[in-house]
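Read the structure below first, then the notes.
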Amino acid sequence: MILVLNKSLSESDIADIASQIERLGLGAQIVGGQTNPLVFVSGNAQTHPSHIFSRIAGVEKVLKLGPACPRVDAKDIRPITIGQGVTIGGGAKPIVIAGPCSVESQEMLLETAQAVRAAGAVMLRGGAYKPRTSPYDFRGLGKLALEYMAQARSQTGLPVVSEVMSIEQLEIASEYVDMLQIGARNMYNYELLSAVGKSKLPVLLKRAMSATVSDLLQAAEYIMLGGNEKVILCERGIRTFETYTRNTLDLSCVAALKSLTNLPVIVDPSHATGRRDLIRSMSRAAIAAGADGLIIEVHPQPVRAMSDAAQAITPAELTKIVADTRKIADLFSDDTDKLETPVLSLASTVS
Amino acid sequence: MILVLNKSLSESDIADIASQIERLGLGAQIVGGQTNPLVFVSGNAQTHPSHIFSRIAGVEKVLKLGPACPRVDAKDIRPITIGQGVTIGGGAKPIVIAGPCSVESQEMLLETAQAVRAAGAVMLRGGAYKPRTSPYDFRGLGKLALEYMAQARSQTGLPVVSEVMSIEQLEIASEYVDMLQIGARNMYNYELLSAVGKSKLPVLLKRAMSATVSDLLQAAEYIMLGGNEKVILCERGIRTFETYTRNTLDLSCVAALKSLTNLPVIVDPSHATGRRDLIRSMSRAAIAAGADGLIIEVHPQPVRAMSDAAQAITPAELTKIVADTRKIADLFSDDTDKLETPVLSLASTVS
Amino acid sequence: MILVLNKSLSESDIADIASQIERLGLGAQIVGGQTNPLVFVSGNAQTHPSHIFSRIAGVEKVLKLGPACPRVDAKDIRPITIGQGVTIGGGAKPIVIAGPCSVESQEMLLETAQAVRAAGAVMLRGGAYKPRTSPYDFRGLGKLALEYMAQARSQTGLPVVSEVMSIEQLEIASEYVDMLQIGARNMYNYELLSAVGKSKLPVLLKRAMSATVSDLLQAAEYIMLGGNEKVILCERGIRTFETYTRNTLDLSCVAALKSLTNLPVIVDPSHATGRRDLIRSMSRAAIAAGADGLIIEVHPQPVRAMSDAAQAITPAELTKIVADTRKIADLFSDDTDKLETPVLSLASTVS
Amino acid sequence: MILVLNKSLSESDIADIASQIERLGLGAQIVGGQTNPLVFVSGNAQTHPSHIFSRIAGVEKVLKLGPACPRVDAKDIRPITIGQGVTIGGGAKPIVIAGPCSVESQEMLLETAQAVRAAGAVMLRGGAYKPRTSPYDFRGLGKLALEYMAQARSQTGLPVVSEVMSIEQLEIASEYVDMLQIGARNMYNYELLSAVGKSKLPVLLKRAMSATVSDLLQAAEYIMLGGNEKVILCERGIRTFETYTRNTLDLSCVAALKSLTNLPVIVDPSHATGRRDLIRSMSRAAIAAGADGLIIEVHPQPVRAMSDAAQAITPAELTKIVADTRKIADLFSDDTDKLETPVLSLASTVS
């Protein structure tokens, strides 16, 4: 952290500011800036609220040298286990999570669950509570859908993940699912992030449409600060001027996240592209970029899906994607083929 | 709504699809498209979930001719009254809402409230629950802040507005405030929108950083669908590649919203620019663009603010902005100077 | 400028780097950074190519404290005179430039020119060479159009401006026009910028769809470096995710540019919005934001325009906009109503 | 193409419009729209200037059903040969083009050329004319650099590519290079596109920072319309709100372009990310996404590069990337592993 001081301060004023910093248990080094004096603050400055610094008389500006994410930035996080036997991150082989956008009925869910297991996916997704842009569109079967998800797990052995949009839904879903999903629309819902931070379940945290890498990491920090270290990050496309695809898949973000944190990172090519013709190529690209997994929308009859029909693929297409994933992962499984270890820490970025 | 049909359908298949549409109480007109047959659907199609149409066998694509916002699109909405005596929209003179980003203490709030009233603002803003990107930053005084807000109202007569981020906070805040604010980070939090839709209080709905005009209108529809018609829209800057300002203020959106709906539209130049040197010019521009009001962050000692210090202005600067607002509003108060009546309805846009 | 040095350098290595800086005629102050030693460079560092610094052995990174625009940043630039008697910037009243997107024929141009003069515009725009996204669309009448523009000037007394897209067109157009326009698509065409830098004619430089404020200023620097100080900047909308308007008008940029440079700044609401129903409100907003003028597309029969028909307005609408412009300008003509003097210089921004 | 007609037209007015369309050699089918009558135009409407339709009396709006790119859309384009023996696209194995951002000296270029050949690259890149945001930065050695490039070709056998920014540079460079590059900043420079359209040399066309897929295809159409069918498209990152990377690499665009056209598509991970730590992972991802090749900035001493130092990699790193590229390409070389044939044509997109 760098404090930019007022130009007109006397030497003793500046020394006094340095003392205040030191009383916080931090280091302070004074330097004469080009126009203004500066104080470099060393130590664990990032977990102090920044107004502690900005409100010191004589301080004009606080420059942070990285987002405040000590928990996310910790480098000793282990792979995360979901349900019985699914392991993600920490060097484990990439996994594929698949299932319908919405749970439409008991029958369609069980059919889809069997099909995605047969295709090689290791986990089932399915929407019970659906965030829809229009209030008139199908908003999910709610608790009933969660019951069907639990049945599907019993029948297939696949752990299940479903999105929650409120604390009330979180409490209900926790009875049924193996992993909680925070969707892109709620990544900035800090109350909800704090609430899942107190859960014992792993959390799939999706990047918001407008979130920078730094915003996403700080959202993860909210969860981890509550005590829940089982956070899986998910890139699902950001909003840009391009209209050919629903969003713009940002795979550089995957590589950046992998170098900035040891949390697992997966990719959702379905929401990123919004087009079923691009899912397979983007799945290949995501795994090649180093993602720890994929989450893909699958429907027995894609064009008949009650939501997100344009981006759903068939189980047959999923089978090919699972095979692609294994092939690419095998290609780079030797130590010598792995990407170099991270060269960056959060502290080297400027926010 | 236009349904694009499969090329290989027979005439009787197509006639059958038209019948299904008519059985929903809607009109159906069949036309031969350039490559695919089309069905134009007339009537109140937009409040049917779109999967009702997309799942009809033979339908390949559903093109909506506008977002589904019949409540927002209604043209007879009257001006909205907030607290005792503040009226916004419907041709009323533009108003200025001002106050601190965060309520920092009882003393600073009362001082600020007196100052903003003296400056000519008619309503007080103040954050009790603060959405902060970093979990380590100051997150507000909570209920205590709401109590101070109510005291400030007693002392100054100004109605008060404060942000809520969860249903629990909504319940608490409803005891104290005259208007509820849904912040940009929660515009896509549909559970919260539905909850404030059941409130009797007016709602200030801020556009999300990544929301299109259509997204914002549909968020308002969520609130109105619950029965609450007192929705005030707020443009507060969108995320773009430009880094000179915190966000990019989109004033075209103000003019567009004014032509698409009769809901009042206000502008938040503080969050849009993130820089106090641009607040006054953007306030002038917002009023000239036709905004019904402004919401501005004011602090007795801006650089000492516990949050958003870079964008807070002094009460003295606010006084000038209120004067500017009145002057510009007076300039265009004659009927002949008013902007023409809306030329668009939501149905003329394509989504 | 700050040079971030390698951590492993000895004190004498660092002193040696400081000496190299000083031999360039610049100041060098060594400070111990949090992790790496730093050298603050003072003096006219910004007009040295940055590789001069980055290539010094031991330098890891060069941080510039502002874009390199000493000519643009100079604060003594006077108002610019275009043709006979049109003055822009430097405190002059805002002006309105208007005319057709394309010069379609001699007759239509003369008719339009008379109409825009009658409406109160002081300068005529008209496209001779048209940059069109599709090569199959109308690309302008070329030199013939320039001849008509010169005729229109003779008949109306209005100075004329037209876009050039190549050095060849620049040479031809210079015979006919009073101001050269560099369009948004050529703002990064540095060869063309250098070429107009050698012209004696004023240059209207439009911001590219993806240009930051800093990019635009550096494009102006290219022109001024050639010796031509008569540069007028133009905000015309940037590309964002919003599709309701053709581009997103960024009026904060106008206020920012006015505080960063003394060059005149005008606004093109036609290209920014792409919709004739938004031109008047955005014109008002632009003038209220402090713009020195407007450039607007006008057509005798807007829906029949050969290019940009959706955004052309009638001469009658233009008359109202000119009146609005005068009223708003008069409102803030007193010294006490003027916006404060700039608080920023380029050097206070970080690039 | 769909023409939206004025509501108040009589049946005979509408029939008259249809006749006008038919006289252009196109088909016209009249349908009653929901509010306005419509005319569907069939046949080769897209190569008529769109004002031909918009200016017909009674026509209110022209909706194009795809960008006008008949040459780009043609499906029989063969692989492109560059210089002696380098083949790209049309099912050929992906290639790697590498070399310095700028040609800094004869010695460094020859050293780099030998190194990139040893690493397995098949073509040499090197900047002679450099578009630089700041006019004070190093702008290239010009013709001298081109001479060094030709020498490097003689010594290594690698064909060479270099950027041109003006018609004058195009004429000079054509004497030396095997492929001309149009950089991102000149993708909208239609005069230059038309000029390279008359060249016999292959053209590497980079996507502009703000270009949609449709814009890029239409830029290619400009070149092909001049007679030059040897166009290679290049994705190099677009401008978004994300600041962690220099630009945002849009790999969906690669897959989309491969389905929309048979032109080869390559990826520039250097400019897309601006960070050497992300080049290898993004190179893998690009090839996995289906790219026909990569163009990468390499420097013997990356941190000493005179331009783009942060993104240059070493020859050693390039060696690994070439190996990765071959492995991934081999993985999907069987017919059964290839991505499905395109499901889209340009005409199925809406602009």
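Each chain gets a letter, A, B, C and D, in the order it is written, and its residues are counted from 1.
As a working rule, contacts are C-beta pairs under 8 Å (C-beta built on N, C-alpha and C of every residue); 3 or more make two chains touch, one makes a residue touch a chain.
All values reported here derive from a predicted model rather than from experimental measurement.
Participant: Hey, what chains does chain A share as contacts with chain C?
Facilitator: Intersection of chain A and chain C contact lists gives B, D.
Participant: Give the label of the chain whose average Cα location is farthest from that of chain A.
Facilitator: For chain A, the chain whose C-alpha mean is farthest off is C.
Participant: In whole angstrom, how far does the Cα centroid of chain B sit from the Cα centroid of chain D?
Facilitator: 40
Participant: How far is the middle of chain A from the middle of chain B, if each middle is the mean of its Cα atoms, in Å?
Facilitator: Centres of chain A and chain B (C-alpha means) sit 28 Å apart.
Participant: Please tell me the distance, in whole Å, between the geometric centres of chain A and chain D computed from their C-alpha atoms.
Facilitator: One centre to the other, that is 32 Å.
Participant: Residue numbers in chain A touching 2 or more other chains?
Facilitator: Residues 210, 214, 239-241, 243 of chain A touch two or more partner chains.
Participant: Can you name the residues of chain C that touch chain B in the complex?
Facilitator: Residues 210, 212-214, 238, 240-245, 248-256, 258-259, 272-273, 277-278, 280-282, 284-290, 324, 327-328, 331-332, 337, 339-340, 343-344, 349 of chain C touch chain B in their complex.
Participant: Under the stated contact criterion, what part of chain A meets chain B in this complex?
Facilitator: Residues 46-51, 54-55, 59-60, 67-68, 131-138, 165-169, 185-186, 188-192, 194, 208-210, 214-215, 218, 221-222, 225, 239, 303-307, 309.
Participant: Touching residues of chain A toward chain C in the complex: what are they?
Facilitator: Contact set of chain A toward chain C: 29, 31-34, 38, 40, 42, 65, 239-241, 243.
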